[in-house]
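The same subunit A turns up in both complexes below, where it pairs with subunit B and then with subunit C.
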Partner chain A sequence: MPIGSSSPRVRPARSGQADAATMKQRGHRGGVHATARPTSRGARAERLAPYVLVAPAVLIIVGLRLWPLVLGVDFSFTGDGELNGTPVGASNYLELLGDPLFRTSLGNVGLLVLLLPIAVAIPGLLATFIYLRVPGHRVYRSVYFFPAVLSPVIVGAIFNLMLGFDGPVNAVLGAIGAGPVDWLGDPGIAMFTVVGVHVWATFGMALVVFLAGFSTLDASLLDAARVDGASLGRTIWHVIIPSLTRTIQFVFVTTMIGMLTSMFGLLFVMTGGGPEGSTYLPEYYIWHQQGQMNRPALASAASTVLFVVMLVVGLLQISVLRRAGRQD
Partner chain B sequence: MKQRALWSVLLAAGLAVAGCGSAARTESPSGGGSPQKQKLVVWDWKSGEPAAAAYVEKAKADFAQRHPDVTVEFVAQPFDQYYTLLGTAIQSNKGPDVMLFNGGGQIRDRVNALVPLDPYVTEDKSRLAGWDAFGKDGKTYAVPVTLQGHPIYYNKTLYEKAGLDPAKPPKTWDEFVGDCATIKKATGAACFALGNKEGFGIQFFMSGLGSGILTPQEYDDWIAGKRDWTSPHVKRIFELWKEANDKGLNNEGANSTAMFNDIFRVFETNKATHIIGLMSDVGHWKDFAEFLPPDKIGVMPAPVVTGGATPSLPYDGGIGYAVAKWTRDPKLAADLVRSLTSTDALTAFYAKAGAIASDTTIDVSQAGPAVAAIVPEIKTGKPALHVALSSKTLDLMGRLSQQLLSGSATVDKAVRQLADSDRTS
Partner chain C sequence: MHGLRLARWVAAVPMAALALATIYPLVFTVNVAMKTRRDYVLDRFSPAGSLRWDNLAEAWASAGMARYFVNSSVVVAVAVALLLLLGSMAGFALSRLRFRGSSVIFLGCLAGLFIPFQVIMVPLTRIMADTGLVDTYPGLILAYVAQFLPFTVFLMTSHYRTIPAEIVDAARIDGNTTYGVYRRIMLPLGVPALLSVGILDALFCWNDVLISLLVMPSPEHRTLMIGVNSLRGQYSDDIPTFASGVLIAAIPVLMIYLFLQRRIADGVTAGSTKG
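On to the complex of A and B.
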């Protein structure tokens, strides 16, 4: 941002004066042209311009983003129900700390981070196969992308039917002699089921990014590897992955964001946070406390915690991306 | 450009001034001035349904007769988001004048935002039933529209197929389990259709069977708020819940089957013999009758589990209209609530939407044996056990019930946690 030189702090005050002066002059002189102004005033206006130009953006950010954020944090230190509006200190945060449901939801965020490599590896591998022109790669390219255009609610409803205890998936399992699996009713499995469905529904986007990355890949390296007789595994490990570092990092970051911010719809439709509260995520917890339990202040506290978590994750991601940028 | 700078400064100042003050205002804004034409806004999740059209029409007509100069606007909200939206309205002290509530925890948690209606509805007290669910600390906050309860429905066809007499359903728990085994052998149908994905199954179970487990004294104490969680009978409710599942009385996958509305399909398709259902809205006599012959749907009292228990129909006010405290003229809004609960309107609601209306004077003789079995029980019926619990405790109970079914919690641990939660809320 071209703000100019030395003393930015005094400038807004002066700019106010300059404004008032100009207005006065205009009032006196009537329709006299601006070119008649002294040069010093013109220079001042020049220095003022950046502030004025960024003002709308700053105001929108401050008024519609930061100020509500401050209000939300402020609200999280007040009580619920009969204590509505009265300050209660950190008791909402202490309650969160003691609530096993909230701890589960944070734990599930950790689980998502752990599952991230799998969520990135799947589109990566599939994109590799498409790039290496396995038979039918054109068909796969569109088929893989297709679920990405479905809304989570539709995806959730489809998989609810598929994965129901008496649903078709268990029927197939039963036909081959494997016992039925309670996909959405077993607390040890349900979270993995939902994450699996989420990956299924969204990996198309990452696949496209990978394919774009592949288009920048130096084909002569692959040819060289082939001539040297490298196996598929070695080609992937030694040629493809090193050349795609930036793409992989980018997909990591976007997949992470997707997992942390857009699982609500699926959870809402598929498990409702259950069974036994095992599929809660902070977002779902916040919605539950605010809408179902009538605890808006507690929900604000949970939102604040989630905000801090996302801030940390976001900063880490930015530093990862920066480092990737420097490498090139 | 200069002017724009000025505007920016003005805008910033305006924002700063408007933003001042605490996050949640607790005072109620009083509407000044006399409006030319008054308008009342009603929030609910019913009025948009075709089945409720006749009801809304009748209620509007009744109100228009008494207050021709007032317009009434119905805003149908999606039920999924209803309490979230209402929460926002309450937080800002602005919103509908009249709103629909579920009885029990949902309204009790929000009475701070409501006007006590006792002075306005004295005439209706004896005509309507189900008031308790809308009261707190001796005050009434909403007028019941429907009654909601948990009768045990059973499939008479399956009883017949197993060689049992459907006119004589089992009276005790042991007989009940015995009959279930016979039916299972003959037809393969499970004893209970149980959907506990949302954690609602335990609520239905507790209330549907509770009157056969607790003694009348314990039952009344429970409703009155003196809940003895250390009583062996209270513990028996949860033991029975676990036992029923361990003995294979429930359909498989109860924890992943949704109560709304997957489990009702299980009952309707003859895959289970009994279901603890509802009286109004969904999962009731009218719903089931679309799939099963109406004369083959029976309703039985809770089987007696402990000696000395007297089974009764568990029911409460189901949904009811309340008046917001920020409304300009509470009397006018209360009048609208009275129109919404007039006999004419409620008759339309009962007939079209499939609900046991709160009005005890409605004639239900045409509706089939299930309704004929339910309605006479209303006089001796008692409030449902789970409705007396706070929504926080119910939420916990839902999760614990899933743990009991999967075996990851013991009955003792569950009862202890529930007792703690009940004490603090």
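On to the complex of A and C.
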């Protein structure tokens, strides 16, 4: 043992009997306490050790995540180009409101929120059947999860081939007599196509989370439901959903965050925001304004709006789901 | 539950169809990558017949995928090593050491978890430009570390909380300093969590598009994902070579998936059960 081997560090086991003197020196419970004689160098090193251990992580997180958030909000109230650095009040935000592209991107966020229950229900239902041991359930678990590890670029590239005008999807449609669909070229369809591909690529994540939730489910409740002769639908509604409130809440919030922040790759590869700007999402708008249009301050304003939207949607979901959970 | 057995069999049909829909796009891409250009134009659906590696070789060498592959590998390896080192250090301190400000620091890390990259990308790019880090390997590595560190710290902290405090105390009685406890006890005991988190961090970094697009603008610094996308324009009339490029970018991830599927799932679900 190096220097500073004084009594405070030698502590009785929690259950053991401690004499009063040791108790006094013990300070907080349950953790290692780094207070030895402040005069000795070793003791000082010990006292500083926790700070040394967290310092690099804290510096990076504060400097490159928390500070930029403040900087970005501040930045959104300044001008671009010649007005760089000068305060311009809320004019960036007013410009956003007037920009049809940004309005489209917010409208698409609304669409995503509306589609969210479907994106949660699909993996939830699949997890239920896997939990109920549908024939082949082990295989399904691994197969469904696999697209979740692929990059949006890979997924987008694969689906560019799949959804081409003479690609496999239209070939299948043709075989059953339906006309070819211009999946990515029709402004009324493209956004649904991209969301569909996103769900294809990510439902495995939510599925795995649901299955982890099921593993904590009390099996005796299901047995009781079976004895009572409850139908499958009633069992899902009255037993499974109430027991999984926390998991469902988690999946709702993470799926929403995923939809708002990890579709950039798909948009970048599949549509580039088009056709006619119909597939813009705020994240794509931010990237476009900053990188292509050289409007960083305007992009910052859009970032701030996106952050507020995410906060509001997230908190709203949690409160709605809490209330729904209480009624059961 | 009446008719449960029937419901199971009824559900098995759409579930099998969905499994097919999940697997087929990849099978189709592999098949296209094996075809000659002529075969592809004539009939894109028929099986390629034999395994041809020409397209893969073309994509690897002439299209520059080799360069992008090395770029990605270096950046991801260094970033993940740093993430695990810094994440386990902070996780140990935040879970098993008592010091003033520890709860504030933990909350700060948690807050970092909820700030998406899109929200801070403008100021972050500016900071990087001001410090000369744009278009450098250290810049991209730092950007990845910053992006995934809150997640890594959070998971390491919750893992270390499951290790009994008595073990740490015993190590101290044996004469270890705090650093000794970290190196001899916490690091080895953290290996299972480090593996799960490390694999997820590696996947996140490898698959990233937006960060590398912003931080590494010049063509010779492209990561693999940006490289794949650039093939699209270059090989728009040679789909088999393009499909080969896609495959090259996907192969490492598919390998990880095949061998370490359970660990990935563990990492994904850790937040839902412990959070």
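In this text, the second predicted complex is superposed on the first by the 240 of 328 C-alpha atoms of A that agree within 3 Å, B and C clash if a C-alpha of one lies under 4 Å from a C-alpha of the other, contacts with A are read in each partner's own complex, and residues count from 1 in each chain.
In this text, a residue touches a chain if its C-beta (ideal position, glycine included) is under 8 Å from a C-beta of that chain, and two chains touch if they have at least 3 such contacts.
Bear in mind the structure is a predicted one, so any value in this text is a computation, not a measurement.
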Taking the superposition as given, does A:149 touch the first partner, subunit B, the second, subunit C, both, or neither? second
Once the structures are superposed on A, label A:183 by its partner contacts, choosing first (subunit B), second (subunit C), both or neither.
-> first
Review point. Now for A:241: first (subunit B), second (subunit C), both, or neither, which partner does it touch?
Key: neither
Touched partner set for A:312, first subunit B, second subunit C, both or neither: neither
- Message: One more residue to check, A:287. First (subunit B), second (subunit C), both or neither?
- Response: both
After the superposition on A, what does A:272 contact: first (subunit B), second (subunit C), both or neither? first
**OP:** In the overlay, answer first, second, both or neither for which of subunit B and subunit C A:159 touches.
**Re:** second
Partner touching more residues of subunit A, subunit B vs subunit C, is chain C
* Looking at the overlay, what does A:78 touch: subunit B (first), subunit C (second), both, or neither? -> first
Request  = Using the touch definition from the top, say if A:260 reaches subunit B (first), subunit C (second), both or neither.
outcome  = second
Where subunit B and subunit C land on the same part of subunit A: residues 45, 49, 51, 56, 62-63, 67, 71-72, 75, 166, 287, 290-291, 296
So, in the complex, the side of subunit A touching subunit C is made of residues 1-2, 5, 9-11, 13-14, 27-28, 30-34, 42, 45-46, 49-51, 53-54, 56-58, 60-69, 71-72, 75, 126, 129, 132-136, 139-140, 142-147, 149-154, 157-162, 166-168, 171, 200, 205, 208-209, 211-213, 216, 222, 225-226, 229-232, 235, 246-247, 250-251, 254, 257, 260-261, 264-265, 268-269, 282-283, 286-287, 290-291, 296, 299-300, 303-304, 306-307, 310
Subunit A partner, complex, touching residues on subunit C are 1-4, 7-9, 11-12, 15-16, 18-19, 21-26, 28-29, 32, 44-45, 86-87, 89-90, 92-94, 96-99, 102, 105, 108-109, 111-112, 115-127, 142-143, 145-147, 149-150, 153, 165-166, 168-169, 172-179, 181-182, 203, 206-210, 213-214, 225-226, 228-229, 232, 239, 242-243, 246, 249-250, 253-254, 256-257, 261, 264-265, 268-269, 271-273, 275
In the complex, the residues of subunit B that touch subunit A are 1-2, 4-6, 8-9, 11-12, 15, 19, 22-26, 81, 83-84, 87, 91, 109-110, 112, 197-199, 252-257, 262, 391-392, 395, 398-399, 402-403, 406, 408
Seen from subunit A, its contact residues with subunit B in the complex are 15-16, 19, 22-23, 45, 48-49, 51-52, 55-56, 59, 62-63, 67, 71-72, 74-75, 78, 81-82, 84-85, 101, 164-166, 180, 182-187, 271-272, 274-277, 287-288, 290-294, 296-297
